[in-house]
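First chain written, first letter: the chains are A, B, C and D, and each begins at residue 1.
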Amino acid sequence: MISAGIDIGSRTAKAIIISDGQVVSSAICDQILKSREIASIVMEKALRDTTLSLKDIHYVVTTGYGRFVVPFAHEVISEVSCHARGIHWYFPTVRTILDIGGQDSKAINCNERGRITNFMLNDKCAGGTGRFLEIIGEILGVSLEEMGGLHFKATEKISFSTICVIFAKSEVLNMLKEGIKKSDIVAGLHDSIATVAHSLLKRISLIKDLAMTGGVAKNPGVVAKIREKTGLELLLPPDPQMIGALGAALFAQDKLQLKGR
Amino acid sequence: MENLEMVEKLRQVNASFPYTEPIKRWKEKGKKVVGWLCNYVPEEIIHAAGMLPVRLTADSKELEMPDGDAYLHIYSCSFTRSIFQLAKEGQFDFIDGFVATAMCDGSRRLADVLNEYKILPLIYTLGVPRKFGDRAEALYRGEILNCKKKIEDFFDIEISDEAIKESISVYNRTRQLLRRLYDLRKSSNPPISGAETLEVLNASVRMDREEFNQILEKLLQELEERRMSSEGKTRLMIDGSILNNIEFIKGIEDLGGLVVVDGVCNGARYWDGMVEDGFEPISALAHYYLNKFPCPRFYPPGVRTDRVLDLIKAYQVEGVIYEIIRYCNTHTWDYPILKSQLDENGIPILELDLEYGTGASGRIKTRVQAFLEMLQEKKEAK
Amino acid sequence: MRAAGVDISSLTTKAVIMEDDCLRHYKVIISPEKAETAAREALTQALIDIHLGWADLDYIINTGVGRKEISFAKERRSQVSCLAKGAHWLFPMARTLIDVGAEHVNVVNLDEKARVELFVENDRCAAGAGVFLESLANLLKISLEDMALEALKAEKAVNITSTCTIFAEQELISHSYAMPPVSMNEILLGIHDALAARVIGLAKKVRIVPEIVLCGGVARNPAFVKSLEKRTNMKLSIPEEPQIVAALGAAILASEALKAHEGSSHQ
Amino acid sequence: MKVTVDTTRWFEAMESWFKMCQYQAAKPSSSKANKLYYELYAKYYERLIPAIEKGNIIVHPTSVPTEIFYAMGLVPMLVTSSTWQMVYSMKNFDEVLGIAKDFGLMEETCSVHRMIAAFAFKGWFPKPVAFVYAVGGCDAFCGSSRVLSEFYDTPSFCIDTPYYYTEEGIAYLTQELIDMVAFLEDHTKCRMDWDRLRESLRLSQRQMELYQEIRQLRKAVPSPMENRRAWQLNWMNWIYAGSEDGVHFFQMLRDELKERVEHKKGVAPQEKFRLLDLQMPPAWAFKLLDWMQEKRGANIVSESYIRYERDVTLDPDKPMESLARKWCGGPLWNELQGSTKVITQVAVEDAKEYIVDGAIWWDNFSCRQCGAMRMTRDTVLEKVNIPVAEVKCDVMYPGFVSYEEMQQSLENFFDLLEDRKRG
């Protein structure tokens, strides 16, 4: 029984194929407005490492921002459920999940079966999101990966007066002109993202164990700040960006097992 | 599941909003149309004056509101700014005058601006008490009388008590019929969806009432035979700010929700209860309007929350979706109170902040779908 | 008689030199850190271009966003009055001035004597200013000029309603998934339409009365001008160098002050 | 869901505020009235803090006639000012607003009431023996009243106010006040001393006359009263309504202003701009009022939110009806629930009587009373040819619009006024 999960986020599209409970292959590709074809592009990329073709997949679940436009999807499930299901597969003791993606951040509670019991989304402002990191990174001329390292070289505490991305841009420009160190700015940025994330977590119940998913989880600076603010250890999956697709694939597998019985 | 013929008829009416076909026919007969803004304007008075009461609203799309934003501050909600935009564009020119109430700052400011810039003539702003009880009813009765006098002076006409009694019976008829429509949605397989019900509610305040009652009677007959399975669907209640957008409810129902009841002011709060006959008509109206399913601004707030809890039991609601138009203070402040009551009763509630006229955008679909998945899990875990 | 005007704003500084009521020269530079250095740098470069020195300047007025004190300027005048003066000098029939810069947007109503009757500024959200176009352009990895040219090719535009720039990005992406599919040109025209809608929304808070002058950096964007003209359904008067209108106004006020000085010293 | 009360923050804030008043009172000051203001302010706390310890009443909002409470021997605690004093002394604006958000309160409502809601959710106000709240006011006021009454497990009485100043409306409010007294007599050990109430009405009448005299004196050119003094008038008018101290303060202030008018002594070093104030300025930025007075010669000569709409004569034989009339015709009535038409007429009348150059509208975040601000701006410009500055701000939260940004808006406005003066 072969199932597949596709997560079409706002910045990247991801696909995972599972055969009999084992992840057979996964793929990720950057997508800027390739829209409809992106689902098949990322699916082909995943199929390439296997001997399978699209018709061999028995059940496909799609999730993410563009989940409704995938022609070959059998079922559509929200990214909130898929993130919970995916991380639960890695860490069955997880009950609280923080996902910071490209355009929004989510705080999710789940039960022992990895199904969601409460959630809170912050997508009114892009302040606490990956896009914020990306834009400021461009101004500082620092890649997302380098940001994590820079964070630990910081000395002074810098705080941003606004979480609006556009106005933070001009604030960063002024900071550079005043000669403030890039590492301090980056640390200040991570702090403001962690503050937004923490206030989101407070709006659901902060039950142990806490895990983090989404691209920003790869940034050790943000992770350190969130650990500091919540006082909880963070469980980090090896590939935090793929959790949504993994969850979708697991849901697809559940459906097959249900049908099988 | 075939379309309901009568709902189709009402959809045609809504499609020609704001100057709908029935209103056009009414105006061509040389009769007058009076707009009204809030649930606590007694429509019967306008109807008794031989005029067509039409509710001032906008509709199912998020309007671009350059004039709305220019004349009304952004802190007036997008509902009031949408109405101003349509009025400024001349789409409400068929309205000969309108009646507002002092229920919320937004509608008061809208009435101020429409009148000041001579876009729509304001006949009267009804002062509505915020408490229940005889004294409040007496004050409100006085206000209804003032409103009647103002309409009489404005159009230089007389409104007799018999005419008001006649109008009361017409409007009571609608309340009866809508109650029967809602009762049908208590069944485990409601014959009418939330989107279709809203189509009916929207049309009710955009056409003359006698014609609407006839269509509603035929619709109820149609619904006798209609079979609709709601297997695998989640029974929802929609509450919060005024909601006229069919697309919003359709978006929720496409995701597997089934809206069986609501707590919005153009829904259950609009037709609840009956005006008692055998009393002096104005007092009967005051008593009815003040004691129906109340708006959150009334005291004590417990009266409203109890009614919501009763509805949840009666319609076996599994989850409440509470939509709030940004800057709508009445419902922004109602939500924490209702939420604490529902938490205590173990009923999940999802808060959606949106603009008036918003369809089911990506952001809203994600939340609603996750909410439905959560409710599904809750049902399976039981 | 030579008078000069300097307009210092967050991103660029502009200097204009007038000689006996005609525009002798102008200069636009990227603003360095301090206002004083910005003004001095801009004026020095302008003077060098026309082989003059500081001594040749008789009266300097500075203006710009924020109350920056410039030691060598005789007077400081508000940006709004300088914009009105400059627009009036270029287009004497101007009654409405729309100044769309990177972060600030001003709409000014002026009378026949270039006096300010009403003015309004954009509020904090950036979706109503030039930076809205810039950030969407670099999301799509396309230059501002190409974005404008591509947009002009589209007949109809996609409706972008988000007020926040970041959400406009999200909306762009969702448009690309729309059914029926939408062409990229229509999305690009939609971006310029969204900015024009917001600027007109601001202008409606005062009066939109012909003749309308459009200035500020964004006035050079042809797609934005087309969207704005569609909304006002009036032809917009656009100066050749739309960025220097405020600095020009300051220079005109300086030369008027000089004449008044001279007049009084003669009696 | 009833909250458990924890009043540590409240007592700390009141103690620090009490010390601040004593410090200000002790400071040498050119104005005796200013010294007396802080002495009386401190004296209010001397009576309030023990009363709260003993179990007292909480009142929300300001405009409820306090003569009634004093005549019953009660010292009312005001919700809005306590909130402001607690937040200002704790300096934890973001934390408090975060608490309101955690309980599901959306941000698009007035920050004053979001903070009140936060304290209500957390139980940081003292637990009153009885809670009295009026619902004549903007939606946010009524919202925070509802939240307080729901989350505080205490007997509460809601005073409903009429929308129109008509005989029926006054009769309705009079009966509400009578019911309130009965409610208070049931829930507190205090009884209404009707003779004391009659006496306080006589003093209140005197106070109102002095209050009106002060407003007349401010028409002088140059105007004699400081910008920040307006809020002191309103505050004294509330915590010392119908008392000897109140009359004493208003008399002393009236005399000081009279003397200044006789010597043609203004407050601004050189009065360049005379301004009208159409909305309440941010409570955390009164320094701005001092700055514009000292540095730009801008003196606010009249505030629409502290005006008496009607000359009310308080008849001691009908105390409750008189107090109802005073309330409906008094300050903050129109500001909180009146129609924009009335606020606009007020601005036009004041502009003529006080010979002003411009008006300031503090555009408070999510204040829905500002909904039709454009109407006032257009009418005032058309009828008395003065411009209105719309200064974006937040009445209690410094994080929305910074001090410098507000200053910048005012700078642009003063530039415009200067250009208009040049002609």
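We take it that a contact is a pair of C-beta atoms (placed from the backbone, for glycine too) under 8 Å apart; a residue touches a chain by one contact, two chains touch by 3 or more.
In this text, all values refer to a predicted model and were calculated from it rather than measured experimentally.
Any chain that touches chain B and also touches chain D is listed here: A, C.
Following the contact convention of this document, C, D is the list of chains adjacent to both chain A and chain B. In terms of C-beta pairs in contact, the better-connected of the chain pairs A-D and A-C is A-C. Between the CA-based centres of chain B and chain C the separation comes to 46 Å, rounded to the whole angstrom. Each chain gets one centre point, the mean of its Cα atoms, and the points for chain C and chain D are 42 Å apart.
For chain D, residues that reach two or more other chains under the stated contact definition are 374.
Contact with two or more other chains is made by residues 65, 68 of chain A. Shared interface positions of chain B, defined as residues touching 2 or more other chains, are 70-71, 353, 362. Viewed as a network of touching protein chains, the structure reduces to a complete graph with every chain in contact with every other.
Listed in rising order, the residues of chain B touching chain D in the complex are 70-73, 75-76, 80, 102, 104-106, 108-110, 112-113, 116-117, 125, 127-131, 135-136, 138-139, 142, 296-297, 299-302, 324, 326-327, 329-330, 332-337, 339-341, 343-344, 351, 353. Residues of chain D touching chain A in their complex: 98, 101-102, 399, 402. Contacts from chain A toward chain C in the complex involve residues 10, 32-36, 65-66, 68-69, 103, 125-126, 129, 131, 135, 138, 164-167, 169-170, 177-178.
By the touch criterion given at the top, residues 353, 362-363, 365-367, 369-370, 373-374, 377-378, 381 of chain B touch chain A in their complex.
Those residues of chain A whose C-beta lies close enough to touch chain B in the complex are 65, 68, 76-81, 104, 111, 113, 115-119, 121, 123-124.
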